[in-house]
Amino acid sequence: MFGITVRDHLMVAHSLRGAVFGPAQRLHGATFVVDATFRRRELDAHGVVVDLGAAAELLHAVLADLTYRNLDDEPDLAGVNTTTEVLARLVADRLADRVHAGALGPLPLDGIAVTLHESHVASATYERSG
Amino acid sequence: MFGITVRDHLMVAHSLRGAVFGPAQRLHGATFVVDATFRRRELDAHGVVVDLGAAAELLHAVLADLTYRNLDDEPDLAGVNTTTEVLARLVADRLADRVHAGALGPLPLDGIAVTLHESHVASATYERSG
Amino acid sequence: MFGITVRDHLMVAHSLRGAVFGPAQRLHGATFVVDATFRRRELDAHGVVVDLGAAAELLHAVLADLTYRNLDDEPDLAGVNTTTEVLARLVADRLADRVHAGALGPLPLDGIAVTLHESHVASATYERSG
Amino acid sequence: MFGITVRDHLMVAHSLRGAVFGPAQRLHGATFVVDATFRRRELDAHGVVVDLGAAAELLHAVLADLTYRNLDDEPDLAGVNTTTEVLARLVADRLADRVHAGALGPLPLDGIAVTLHESHVASATYERSG
Amino acid sequence: MFGITVRDHLMVAHSLRGAVFGPAQRLHGATFVVDATFRRRELDAHGVVVDLGAAAELLHAVLADLTYRNLDDEPDLAGVNTTTEVLARLVADRLADRVHAGALGPLPLDGIAVTLHESHVASATYERSG
Amino acid sequence: MFGITVRDHLMVAHSLRGAVFGPAQRLHGATFVVDATFRRRELDAHGVVVDLGAAAELLHAVLADLTYRNLDDEPDLAGVNTTTEVLARLVADRLADRVHAGALGPLPLDGIAVTLHESHVASATYERSG
């Protein structure tokens, strides 16, 4: 199995709902350094999983819809507890939607994984089919 | 599949038994930077795998029983060759024991992985069921 | 010259004032991974610049007053443009105030430096006398 | 499942064939920071996956055949598009060949994974059986 | 003193002249992960050293003239031994030229530093006046 | 001013004397990831501060005298409190002694700095003349 990983980041404000979150129930914020991995069992005719530049642009485009925002005010995310896990799935699903629409070419992927690093000591990952 | 990872560290003295270990047969020591990953197929009602703060405290508690010690003198580890692999399994098993006892709430995990980085160029990982 | 550095982090919401900041004028947020360096020309009688554990606790205490907050709403910061540079100076100055009050013992420092990493590709540093 | 990972690097010139590669069609170069992971379900009698020092030497020997070269001129690689993915597979396969020849002892591995980091924002991985 | 640092990278082929360089006398290549630091004693009216986005674009523009090339064939570099140190100075000097031409606004800088990381174990830095 | 930095590591057991050290008064251990920086105002005729390979070998040789040992039992260190700061100075001074003896060629250095990273959240640095 092959995989390529590209890194980018987003910076958001948000608050979390639930006593378990303690002080993170207050409006605060985070930089998420994002690693997106695209997996395929075989390489294409050029010897790549997908074009690395196109993958980086795709990740940047998906993150551009989220960054420099207060997620509590985003209509798309109304009622969503925007934990790191939930955001990792959101980014992975949006990447998959665009891949299915052809953003990285005609070949199907065998998997997508997204890791959001919220600090030097904590991260969350979501892995899904391609 | 979701995962969250928390990082902490421990600092120990020990020696390894077996000619294969060369100079590491002498009493020496290591900082192990520890990444513990908790995996679950589904998120809980709050949108998390487990509470991140509780996971960090759990890891810290497990490492507190090992750190600032000479592992060669620990009764619990008598007869154990405390390689990085063995310590990764020990930390993972102790985390699992506490998870089974309810330290992170009632929901079962689908997996635990522990990586010990012993330097900038070497690490060991142990993955187990939750 | 000796220095010791301890790392911690804070997570805040804020917005920046000025057209130069583009989308960062919107309410958003950041994780700042913070490196605080304490410098002294000579070591103390124990062979340290300052006690490492005390330095880590001091940094944690200073960051605790800022983290998990919307800086736009903090009375202490009213009218302050909370750029990464300004926050680096704020953290350094608050560390210095507590050092002068004896938080790290009686010996004076020769310098304090604080770096705030706002992502994997950007950081700001402020260096001052001890 | 256990794994140990060792890190080393190689520095090469090469060019990539295919319009998709844009400016990387020109002769250019890369440092690849290489993480090689060796996996086994059980530890050996010494409590290790394989000897860490032997694993590091094996990786260094495999990389020594590639580093400080223009890959476009290597007879072994004639007609090969030396993408990061292809090189990850090449390194993994050469490690496996030497493991099968006994370089890390008599016990079979359950898997080998090789990651080549080509920058702070991009990497490729190849995973195979042991 | 304040500083802000932005990170980017370049990927080049080159060879080094002199027996001291051993195998690096052959045509090979490198990824240089580049940290550029801009220093000023005082912040501007917005509370920044320079605009971070503009600084990142400036670094990217300077690196764009070098990346994806064989430095041995660049007319600008004819007769230059393109060691990591020499390239660090080249990048710093080109940044300074553009800063003097107004790329980051009217205020003078108090210093520029450029670090090129050529691997996970080696880097070179050049520091100059602003 | 130019600088080159090489990275290596050492693994030792030791204990620290003084109530301030708390649990670190017990015999424990550490991995120190070591960055050694060699500074010179001007480059030599080859365009380098010093030969990078020679600098890496020099650091490795200096660390070889310390690694895989219990520092409490080293005759050279009898009566020395082997804090991270003290070890940083020891490594820097031993590097300087060998540089003065010609290990990196005839040209004098303008400075040496050594940083010992004892974990992902703590390090100590010592800077001296060349």
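Just so it is clear, A, B, C, D, E and F label the chains in written order, and each chain counts residues from 1 on its own.
Operating definition for what follows: contacts are C-beta pairs under 8 Å (C-beta built on N, C-alpha and C of every residue); 3 or more make two chains touch, one makes a residue touch a chain.
All figures in this text were calculated on a predicted structure; none of them were measured in a lab.
Q: Using only Cα atoms, superpose chain A on chain F and state the rotation angle in degrees, rounded to the nearest 5.
A: So the angle, rounded to a multiple of 5, is 180 degrees.
Q: Based on the averaged CA atom positions, which chain is farthest from chain F?
A: A
Q: Taking each chain's centre as the mean position of its Cα atoms, how many Å separate chain A from chain C?
A: 29
Q: Using the average of all C-alpha atoms in each chain as its centre, how far is it in Å between chain C and chain D?
A: Distance between chain centres: 40 Å.
Q: Using mean CA coordinates as chain centres, what's the gap between chain A and chain E in Å?
A: 31
Q: Of all residues in chain A, which are in touch with two or more distinct other chains?
A: Expected reply: 7, 120-121.
Q: Tell me, which parts of chain A touch chain B in their complex?
A: Spelled out, the residues of chain A in touch with chain B are 16-18, 20-22, 80-86, 88-89, 120-127.
Q: State the interface residues of chain C toward chain F in the complex, per the touch definition above.
A: Residues of chain C touching chain F: 1-8, 37, 43, 46-49, 51-53, 56.
Q: Taking the complex as given, what residues does chain E use to touch chain D?
A: 7, 9, 11-14, 23-24, 26-33, 67-70, 73, 118-121
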